[in-house]
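For reference, chains read A, B, C and D in written order, and residue numbers begin at 1 within each chain.
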Amino acid sequence: MTSEIYSARVRKLFGNPAHAGSLAGAHAARVDDQGVSVQFFADVADGRILELRFLAWGCPHVIAAAEALCAQYERRPVSELKSFEAGQLMQSLSVPVEKTGRILVIEDAARSLAEMLGKI
Amino acid sequence: MIYLDYAATTPVDSRVAATILALLTADGDFANPSSNHQAGLRSRAHVAHAAERLGALINAHPDRLIWTSGATESDNLAIIGAARARAHRGRHLITMPTEHKAVTDTFAALEQQGFEVSWLAPDSRGLLEIAQLEAAIREDTQLVSIMHVNNETGIVQDIAQIGAVCRQHDVLYHVDAAQSLGKLPLDVGNLPIDLMSMTAHKVYGPKGVGALFIADRPGCHIEPLTYGGGQQKRLRPGTLAAPLIAGFGHAAEIASSCQADDLKHLAELRDQLWGGIRDVPGVTLNGDIDGFPGILNVSVDGVEGESLLLALEPLCVATGSACNSKSQEPSGVLRAMGLSDMQAQSAIRFSLGRPTRGEDVAAAVELYCNAISRLRGIAPEPPA
Amino acid sequence: MIYLDYAATTPVDSRVAATILALLTADGDFANPSSNHQAGLRSRAHVAHAAERLGALINAHPDRLIWTSGATESDNLAIIGAARARAHRGRHLITMPTEHKAVTDTFAALEQQGFEVSWLAPDSRGLLEIAQLEAAIREDTQLVSIMHVNNETGIVQDIAQIGAVCRQHDVLYHVDAAQSLGKLPLDVGNLPIDLMSMTAHKVYGPKGVGALFIADRPGCHIEPLTYGGGQQKRLRPGTLAAPLIAGFGHAAEIASSCQADDLKHLAELRDQLWGGIRDVPGVTLNGDIDGFPGILNVSVDGVEGESLLLALEPLCVATGSACNSKSQEPSGVLRAMGLSDMQAQSAIRFSLGRPTRGEDVAAAVELYCNAISRLRGIAPEPPA
Amino acid sequence: MTSEIYSARVRKLFGNPAHAGSLAGAHAARVDDQGVSVQFFADVADGRILELRFLAWGCPHVIAAAEALCAQYERRPVSELKSFEAGQLMQSLSVPVEKTGRILVIEDAARSLAEMLGKI
């Protein structure tokens, strides 16, 4: 019996999701699956992500993961987002295994955004 | 921290804590109540006194009470015990999917053991329609188990009417009264109840002790689940936990004396709470505003329940029942009442208690409204 | 009052009482350990800490412990649970008539349910001869239950050797360790034990909480006796009594730290006691002077047991086992050891504890000698 | 669950059995039954019991009952002892019903003593 459900990092990201919100007129990708909805928005220039935002409906781990992803890939090349994998995020947020499916929804959405941005 | 989860458990009343403490240590009456020396007799007297106090609360003879470890054990002992004791007469049993897991899981286990169970569906408020019960009772029906106050929604079943139907058909009636003991009037001397489960920790007594009332009527027998030193008429052996039992007795006595005040207090707070949140768009009440006022269960559109719970901190409330809130499944009780998974999943149970004050409720209202607007603010449009 | 009945129950250590008290009331961590809010998490942490402490005492992983209401429930859960879980492999079980009633009555109930039980007779000290066990194990034997320290006589079974025989034959081994936990070394990490029953109230913890150790081995599974909210891997549902569990954990930790001193202390007192009464004509020791030193069981010729107990006041000791001392029958344990009804009937169990002092023992010796001469003085010549 | 096994009167009689003992050369009657032994001794003159003593092996209720009987019939006519009945004693000492057999042993012994004394 572990006594904490959410790691300190999850609590922090969930409590203050600085990248929550939408970007008007930006590129957007959305996935609805596993009882979770995630939508990413990106402003891009010169193959770089200038701003990255998300909207999410899901449990705290989903929201924290979306926030962590945005914070990590903002101001980075689009190519890096392409190779995003959920596994590392799950570990750094201590997401319980039974929630793997939900975090894969985030991976899905991030990849389809990256693909879209790659085609610009 | 604002604690509005009194249906999950209550703090022990400080007077009750003093009673318990006095029976723990070497300078108190700590002996085994089964011992035949002076120290044992003193312990035994505390147990007898507790039985009188609990008996007085529900108008039962003290001899008709069996001490258990809690309502889960009482439910199991009553249901399995009665089903087995009467199996030679018939193997049909009746309950509802809106019962506590200690009841539903026990009936599900009996289904595996050759019993047949009719699961009566509730109406949209969670209530049983009596006609349904009458239709379900058969020649071989032996036991009906339908609770008093529902632990998730606070709705109150009409136990007098249900019991009357059972008596008419010579069927035993078991009531899980974990949520109503000491809170609503409960007079087993006059109600047609054969078996009734109780627990101390929902009524400002200690965790780890409960009781089962067994009516003194022909045919009202149960088989034990466990065997041992012959305590409690061989129905529930094991060293009696005299300090906990004495604490339960004291809590029962306190409840007797302040039940009416408590109810009034809870009704005021419940009205304040519902008044504060009912106008939030998309909020709906689960159950019935005429239910037990200590529990208010509300769903809200477009918000995910687990995130809502976390966003509500430092408010301590429940999603689903406290006892199964580790699982992420939406509440079976609410689904049985016809809620969608989505609605059930956003449900929050506020439960109020004797120590709750108006400020606590005001803070809860504010936290709830803020959490909803914050989460709605970061959610995408609902999928088409 | 001179309390020498520590085998019936012990007072709660005052440090343990403080731990319990801190989790009872509104200003403490009183929440339901199943609740998913901050208050619930704090309760859960206390339970987890207790499991670590109890696990450390017996060298078990905390995950291998199931909390129960006491050793009676643990015995039932282990024995019925294992018998049912393995019934498809075979229905033969082995135990002894010298076990506690929580074990013997449970096996007797299983006999009614289609299991076959071999009851191995002890030698005159109450010990099992290993050759007898080996001879009794059959192809279809599934479970052996033989206790560690006997609650009436203090004799100590060779659990390592018994367990080794069980492992050889792929039979589960259950040990009732109610009387030895925290008193004698018990290392389930290295002993061939599959299931072990424990209780807090014999080791200066609270009444109403026990535990069952379940080894992490293939084939070592049990079925639950009760059903409900999914707590404890569904093996034992019900709201966890966090204050009691925390108290048990604390008591276990204290026992870890003073076990060696306790044993030395008890051995000194036992020698003083036996030295003081062994020369009374007609006094005999039941059991073995090499047994657990906390228990000394003696019979005496020509004296009636119940009168002896009353004549010993204000000394609190036991006749027979505390748990069945309400019945007037001579102890089944002593009869199984070959004592006559008359001898068994005069048996007194002195049991010593951590708080016992030399003066207490001296007073007990005087009371015992006086009571015997007084009762002998008013008795007629024995019938021819 | 009653909390007292012995009434205050039983405790008092058992704790201070003033009539326990034998009388050398007196008339005596003894009964062994029900796992209980009771022996009564009486000195008699002019149809009156001068002294009444008992020896007993049994539970506290047996000892208390024997003591109560001696105290009651000492200095009374033998004829009264003849009509002794255990029922009244059981009630006044609150003897539990399951011990009825043992108290009847006392009745037996008292009656056979009375019979013996009547024949003098």
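Just so we're on the same page, a contact is a pair of C-beta atoms (placed from the backbone, for glycine too) under 8 Å apart; a residue touches a chain by one contact, two chains touch by 3 or more.
It should be emphasised that the depicted structure is a prediction, and the values quoted were computed from it without experimental measurement.
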item	value
Centre-to-centre distance between chain B and chain A (centres being mean Cα positions), rounded to whole Å	42
Chain A and chain D, separation of their C-alpha mean positions in angstrom	93
Separation of chain A from chain C, taking each centre as the mean of its C-alpha atoms, in whole Å	56
For chain B, residues that touch 2 or more chains besides their own	36
Chain A residues counted as touching two or more neighbouring chains	none
Overall pattern in which the protein chains touch one another (line/ring/star/complete/other)	other
Every chain pair meeting the contact rule	A-B, A-C, B-C, B-D, C-D
Residues of chain B defined as touching chain A within the complex	302, 304, 306-307, 310-311, 328, 341, 377-380, 382-383
Complex contact set, residues of chain D against chain C	6, 11, 14, 17, 20-21, 30, 32, 37-39, 54-60, 63, 98
Sites on chain D touched by chain B in the complex	1-5
Contact footprint of chain D on chain B as seen in their complex	33, 36, 41-42, 44-45, 47-48, 51
Parts of chain C lying in touch with chain B, wherever the complex brings them together	1, 3, 5, 8-14, 17, 20-21, 24-26, 28, 30-32, 34-40, 68-73, 75-76, 80, 100-102, 105-106, 108-109, 199, 201, 206-209, 225-231, 237-244, 309, 313-319, 321-327, 355
